Amino acid sequence: MFYTDGKLQYPVRVEKPNPIFARALQQAIGGVEGEIRVMMQYLFQGWGSRSPKKYRDMLINTGTEEIGHIEMLSTAVALNLEGAPLSMQEDVAQDGVAGAVLGGMNLRHILSTGLGATPENCNGVPFNASHVYASGNLAADMLANVTAEATGRALAVRLYGMTDDPGMRDMLSFLIARDTMHQQQWLAVIEELGGMEKVLPIPNSFPQEQEANRFSYAYFGHRIDKQVPAGRWTEGASLDGKGKFEPMISEPLGGEPMLAPPRPDGGAQLEQVSPAAANDPSGSTSSVA
Amino acid sequence: MFYTDGKLQYPVRVEKPNPIFARALQQAIGGVEGEIRVMMQYLFQGWGSRSPKKYRDMLINTGTEEIGHIEMLSTAVALNLEGAPLSMQEDVAQDGVAGAVLGGMNLRHILSTGLGATPENCNGVPFNASHVYASGNLAADMLANVTAEATGRALAVRLYGMTDDPGMRDMLSFLIARDTMHQQQWLAVIEELGGMEKVLPIPNSFPQEQEANRFSYAYFGHRIDKQVPAGRWTEGASLDGKGKFEPMISEPLGGEPMLAPPRPDGGAQLEQVSPAAANDPSGSTSSVA
Amino acid sequence: MFYTDGKLQYPVRVEKPNPIFARALQQAIGGVEGEIRVMMQYLFQGWGSRSPKKYRDMLINTGTEEIGHIEMLSTAVALNLEGAPLSMQEDVAQDGVAGAVLGGMNLRHILSTGLGATPENCNGVPFNASHVYASGNLAADMLANVTAEATGRALAVRLYGMTDDPGMRDMLSFLIARDTMHQQQWLAVIEELGGMEKVLPIPNSFPQEQEANRFSYAYFGHRIDKQVPAGRWTEGASLDGKGKFEPMISEPLGGEPMLAPPRPDGGAQLEQVSPAAANDPSGSTSSVA
Amino acid sequence: MFYTDGKLQYPVRVEKPNPIFARALQQAIGGVEGEIRVMMQYLFQGWGSRSPKKYRDMLINTGTEEIGHIEMLSTAVALNLEGAPLSMQEDVAQDGVAGAVLGGMNLRHILSTGLGATPENCNGVPFNASHVYASGNLAADMLANVTAEATGRALAVRLYGMTDDPGMRDMLSFLIARDTMHQQQWLAVIEELGGMEKVLPIPNSFPQEQEANRFSYAYFGHRIDKQVPAGRWTEGASLDGKGKFEPMISEPLGGEPMLAPPRPDGGAQLEQVSPAAANDPSGSTSSVA
Amino acid sequence: MFYTDGKLQYPVRVEKPNPIFARALQQAIGGVEGEIRVMMQYLFQGWGSRSPKKYRDMLINTGTEEIGHIEMLSTAVALNLEGAPLSMQEDVAQDGVAGAVLGGMNLRHILSTGLGATPENCNGVPFNASHVYASGNLAADMLANVTAEATGRALAVRLYGMTDDPGMRDMLSFLIARDTMHQQQWLAVIEELGGMEKVLPIPNSFPQEQEANRFSYAYFGHRIDKQVPAGRWTEGASLDGKGKFEPMISEPLGGEPMLAPPRPDGGAQLEQVSPAAANDPSGSTSSVA
Amino acid sequence: MFYTDGKLQYPVRVEKPNPIFARALQQAIGGVEGEIRVMMQYLFQGWGSRSPKKYRDMLINTGTEEIGHIEMLSTAVALNLEGAPLSMQEDVAQDGVAGAVLGGMNLRHILSTGLGATPENCNGVPFNASHVYASGNLAADMLANVTAEATGRALAVRLYGMTDDPGMRDMLSFLIARDTMHQQQWLAVIEELGGMEKVLPIPNSFPQEQEANRFSYAYFGHRIDKQVPAGRWTEGASLDGKGKFEPMISEPLGGEPMLAPPRPDGGAQLEQVSPAAANDPSGSTSSVA
């Protein structure tokens, strides 16, 4: 169950409202790197957590923090929209060039919300909950969370660079700090689980003798010149300590697939259905000089 | 530029076609944990790679491998659909219970493709390219890639458990092995970059003195009982070696936000616009015995 | 800012887990009538609320309650998935008919979450935040909220009828009661604002003399037999007390629209661009005996 | 069955074409407050109407009117695109600043349609039919319809304010008037059904003794300071005449949920599966000084 | 402007309601091959038609017919849902196997609409208006329309095969006939425009000397064995009479792309930004024995 | 299986980077007329191809070419983003008007990718794989492919007109040429199958005597003035040589549909459920003078 106090986790000030920056901030609300995504992701991971309980508590707790981040950013969007032009005429009056500001806005900020935030990204694309990863596998979830916070911090850093408003930079400096910590905390869980070596390959509960081991530590080359891009991934011990990296030229181990011809009553063309037409052996390829 | 040979990377056999398993396999094609996603993700990361070049090559090379995985799975879907009932009548004839098989199918496998695969997930939801992460930050991208392969391998393992068809299990044992390696290879890049300690916080190019350092290594508690879920993330050195974890009760550092009242011509109700109505000081809360 | 206590607002018990009912319950989580939608809707309305402040508080407060409803339902989904078949083999063993249960499930409950809830509807379609209405107009928002609770209660009632599990019925009886109240509370705001007569037409801040008044209280008939479906909407005083309902046959007041021909360099076909071809006066219609 | 006469319901004139206003108008075509939505909503409600027949007729009749509104707006979009710059070069020539106009356009108006409307909103997001509400409950549908017309009229009013083109304002004055009427007509149905008191709670066919009556008229407070936002919704008779509003502090009636640990073969990590690790009783919380 | 008469274009009868067939029929309503798509496509093409006028009239006229097809199919869905089980208990009572019918249904037919149609496809995915093609190019639009009717007729044929209900087969025989005609009529426009030879390449208004003519009639081979799949497309005169087909091995005409390194303040990792790290010349590939 | 050589199929040069043109180019990557769509469409058609084999090979071969087109366009996007303003401040410095460039950009090019391409269209809407047509009917697929290339070439031509950068025009001249050929090649398959006359109606495997032949070659008029838009489609032999076109006034062959009233326990309002209320015979229409 949840509670609120109606206050902001951190102060949100805007000295010089900028409606295009309001649009940019939306990426941090409803973008794939944004706060709605992490809020839902941590909560759904927590709610579906089957054990151990300590991670459930930790996930729901941090998911609860993230709701407040959406609140901060929504406030920041609204404040950046104060004084925004509501018409072409005002836009010309303010900027001299019709459309310079209004054309760069999320027009729904005028037309749909009356100068408030939306659960959309910076291009006005609504948040889509398919981005919520809650896999039932603790290690996979932790990686998904670090990823979310890594792309989230890159986003916050870019927003920081996009503005010189002191209030906005102050707010972003807080969110950046929180992203720093959140990257740490999910990796700390992996450390608790024994570190990368222990958790790999994810899921580590599948008996590895049932996988095609010959290919478990081979980096496949798919270049027609048979050169293989080399690096740590082509030599040395594998990171789980169970194998040895090697480069391998990928060769087709299967043949050309051959599906049965379509059923006569299946909605194909007659020419596809007739056995005579199928798999015509005559010259399906030709040489080119 | 790309080339093909029309053959499969690994043999795809189905001994006992199962049209519900065909639907399940779709998750590995068009699901968020599936192959279209990683194919696009690695290719877009490679195509947008700004440096160093070796990672570009490595990304595009593996993205090229993934196209062939979609090919294998599409073939597997088609083979599992051989002999599927096209009508209620056939379904009854085969199973005795009308709808037992047909009702569990992706009906588009009959109606839209004539027994072929679709770029959809196991519920028939089309792949949506918003899932492609190519952040321009190498470390963030590598984490996104490990995540994709971790959830991808969990998916493949669950598909393996869902079937007892020897052909399908053989194919999945190959895909599971490749996921094992792909988890490794993206983490190997992080090792090349100096390991987690060096790459954190992501992006590591942002001057950390500009973030609100007071909060960079604090795990915030949001429980009303002021208890903080404890673990590695509340004590010890931070994973980047730059700080020390600590638990901290989250307190609202900002006040209650106050937006300006709506403009009279902005489409709000009169009662919102009138100054008298706004921010009514009279008892907005009441005590409850 | 938000807080939690890790407990459920109301007990969630499942006596006889049913994985198809787990799929049905998803509609109450991620469907358009579901809890993610109202949670976001009330919070975004509150966060963007420009005045009066009392409604902001009330909205955020109830939005906070809704987070806990998602928590309850996610728990209910997970509990209904206990013991679900993970494979075709288990399904046959349990039900005698392969696919009878597994085919009716959201397969992502097995493949993607390991028996946990997703932010999706009952067909596995992810929640899409375009459903969040926060119009900046208080009366419009209240109506959107009553609508959400009316369709939400209809959904809960139908879920109640779909199961005979005592635990599930108990949980739903609570959610139904809350929907009863939530319908009331949004309408109570409209009463506070003076009732429907006063708030209509929404927005009531637009000078009504600027609309085409001739048509403001006319019910237009579009039937070719010139009959107009009659009812309260075709006679009597209008509900805002400002007009009188009347039936009116809709007649085209505008002519046939005529757009300029395409530019020669605009990507149309030559035949469209050439003046000769455009608007060919020769017999564009013919009589039919 | 449907018929047309190829004429516009109301004249559509544009004196000074404005391609950014063309983009804004799209919200009234394909936005959530737009005409495609109401057209489909009224038609699907009518087509699925089970009784009484008079509402079916009324719904389909008004749905038919709405098709003509999309036609008017599509014409308005096309007319606002006349003379739009097709290239960066033209844009500079017209406005002196490259991108001032073109950058503010829906580029698909140039690239995809050759200066015609799209079924998209003002940000170019395609209409998504999940917005169509046809609940099978007459009262819920009427509320959904009033909501659509209330947000639709707010949108039309904002578009009216955004332009000073006399032709566009004339067209919008008509659409605003129709929205005035359409708000009325759906509420008139509720009056016919006995008014709000009679229709509440929706659906009113569910035996209210089966809901958890203790909570049916209580406004729950979720603020940590135990203050409850007060108003009409916390005192007086409920709007259905069946109860009495009261404020109530929300307390968790359920405990902490506990799910079963994951199955060993379910794709979780080993650490989650092992009973030893699950629900570790050791210090999952710590006090903070 | 549009009109209706409340009657069906063709009789819709269902002798033996089948709720799974109701789900299948949804593909013909909201699927990519369905009637909402063609209705919108023909209307938007007509509304945006810039000339000649006769095609505008013809498009809007047929678009108007399609609205009635959605009406027929929505009626068919509702009739197939008569008597559908609303609960697990009823499902068992009817079929002996819990979930056999209910699990195969679109559960929104119970939960969201009270046994009415939705604007969704057979998997419950809502119609998405991005499928509406109105290109501003008459020939391209005609091809899009034939495609829609070809896939639409394949769908209708498959639905016909899926059922043995005489009423449903009768209705489908009508829709199949209309699809036959609609395929014809769009191709008839192309014949009017001079036939394929004259309209190709689309758009035919672009001066063909500005395209890279060397490659305009070459079928590129991308197989690593340098074999080119041969057929009519590799020999003989091109279909527009302006060239000669030839097979050609695709060779990379461009080199390896090299993007500038990321800006130091652009959110990349330090290692990407530092010139030393960029484009590391040391062994990016390795030979494989 | 697939291979790459890391090189571009054709050179990609940008002389004067333009970040708004970068946004425009996205339509050719992730738009419905773009390269991701054709790549997937040809590959899925090939992978699902049931016969004859020559078309499978041809489809996969050309699908492989298209991957390289995405690569070219992604490179073009990245090159057009070189030097783009990352902040409002830079934007003013470069253009004098804040927002003139930045406001016209896809802001995700800054915020999400660090100046790289995304799998989105020109409005930032992610590619959605529902656009991939692979119908299992060879003729329908070929038409879908010509359509894709026709709209694709119209798009490329419009992009060509939008820019005067010599490098971009050179690249586009190549893509336009390839679209010319690709239109040809799919039509060449239809010629191989016997031409339009032979392949129509699609699917031609359905026994035409089972369709309602009376309506198979009639162009239906839906205008209230009973005029029928005339053309090739209303007279002469049908294009499949099996019938004769004729105009026909569409008359309702079915009556008014009548659905059963809702079940009492189905979530409708009481007034709908009660037999007395249903289908009220009293004056559902009224005359209008």
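Going in written order, the chains are labelled A, B, C, D, E and F, and every chain counts its residues from 1.
Heads up, the rule we're going with is that contacts are C-beta pairs under 8 Å (C-beta built on N, C-alpha and C of every residue); 3 or more make two chains touch, one makes a residue touch a chain.
All values reported here derive from a predicted model rather than from experimental measurement.
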What are the chains that subunit C and subunit F both touch?
-> A, B, D, E
Same vs different contact residues, subunit A with subunit E, by half of numbers used = same
Which of these pairs, B-D, C-F or C-D, matches A-B in more than half of the residue pairs in contact?
-> C-D
Could you please state the distance in Å, as a whole number, between where the Cα atoms of subunit B are centred and where those of subunit F are centred?
-> 27
Chain-centre distance (mean CA atoms) for subunit E and subunit F, in whole Å, is 7
Residues of subunit B that touch two or more other chains: which are they?
-> 1-9, 32-33, 47-48, 50, 54, 57, 61, 64-65, 75, 78, 86, 97, 100, 103-104, 112, 114-115, 120, 123-126, 128, 130, 135-137, 139, 151, 154-155, 157-158, 161, 202-203, 206, 221-224, 228-230, 250, 252, 257, 259-260, 262, 265-268, 284-285
What graph shape do the protein chains here make by touch: line, ring, star, complete or other?
-> complete
What residues on subunit C touch subunit F, complex-wise?
-> 154-155, 157-158, 161, 221, 223-224, 226-230, 234, 247-249, 265-267, 283-288
Residues of subunit C touching subunit E in their complex?
-> 18, 20-21, 23-24, 27, 31-33, 95-97, 100-101, 103-105, 121-125, 151, 154-155, 158-159, 161-164, 222-225, 250, 252, 257-262, 264-273, 277-280, 284-285
Per the touch rule, the subunit E residues reaching subunit F in their complex are 3, 5-12, 32-33, 54, 57-58, 61-62, 64-65, 72, 75, 78-79, 82, 86, 114-115, 125, 128, 130-131, 133, 135-137, 139-140, 143-144, 146-147, 149-151, 153-154, 157, 160, 170, 173-174, 176-181, 183-185, 187-189, 191-192, 196, 200-203, 206, 208, 210-224, 228-233, 238-240, 245, 250, 252-257, 259-260, 262-263, 265-268
For subunit D, which residues are in contact with subunit F within the complex?
-> 1-6, 47-54, 57, 86-89, 97-100, 102-104, 106-108, 110-112, 114, 120, 123-126, 135-139, 193-194, 199, 202-206
Interface residues, subunit D side, partner subunit E - complex | 1-9, 30, 36, 40, 43-44, 47-48, 50, 56-57, 60-61, 64-65, 67-68, 70-71, 74-75, 78, 112-120, 126-130, 132, 134-137
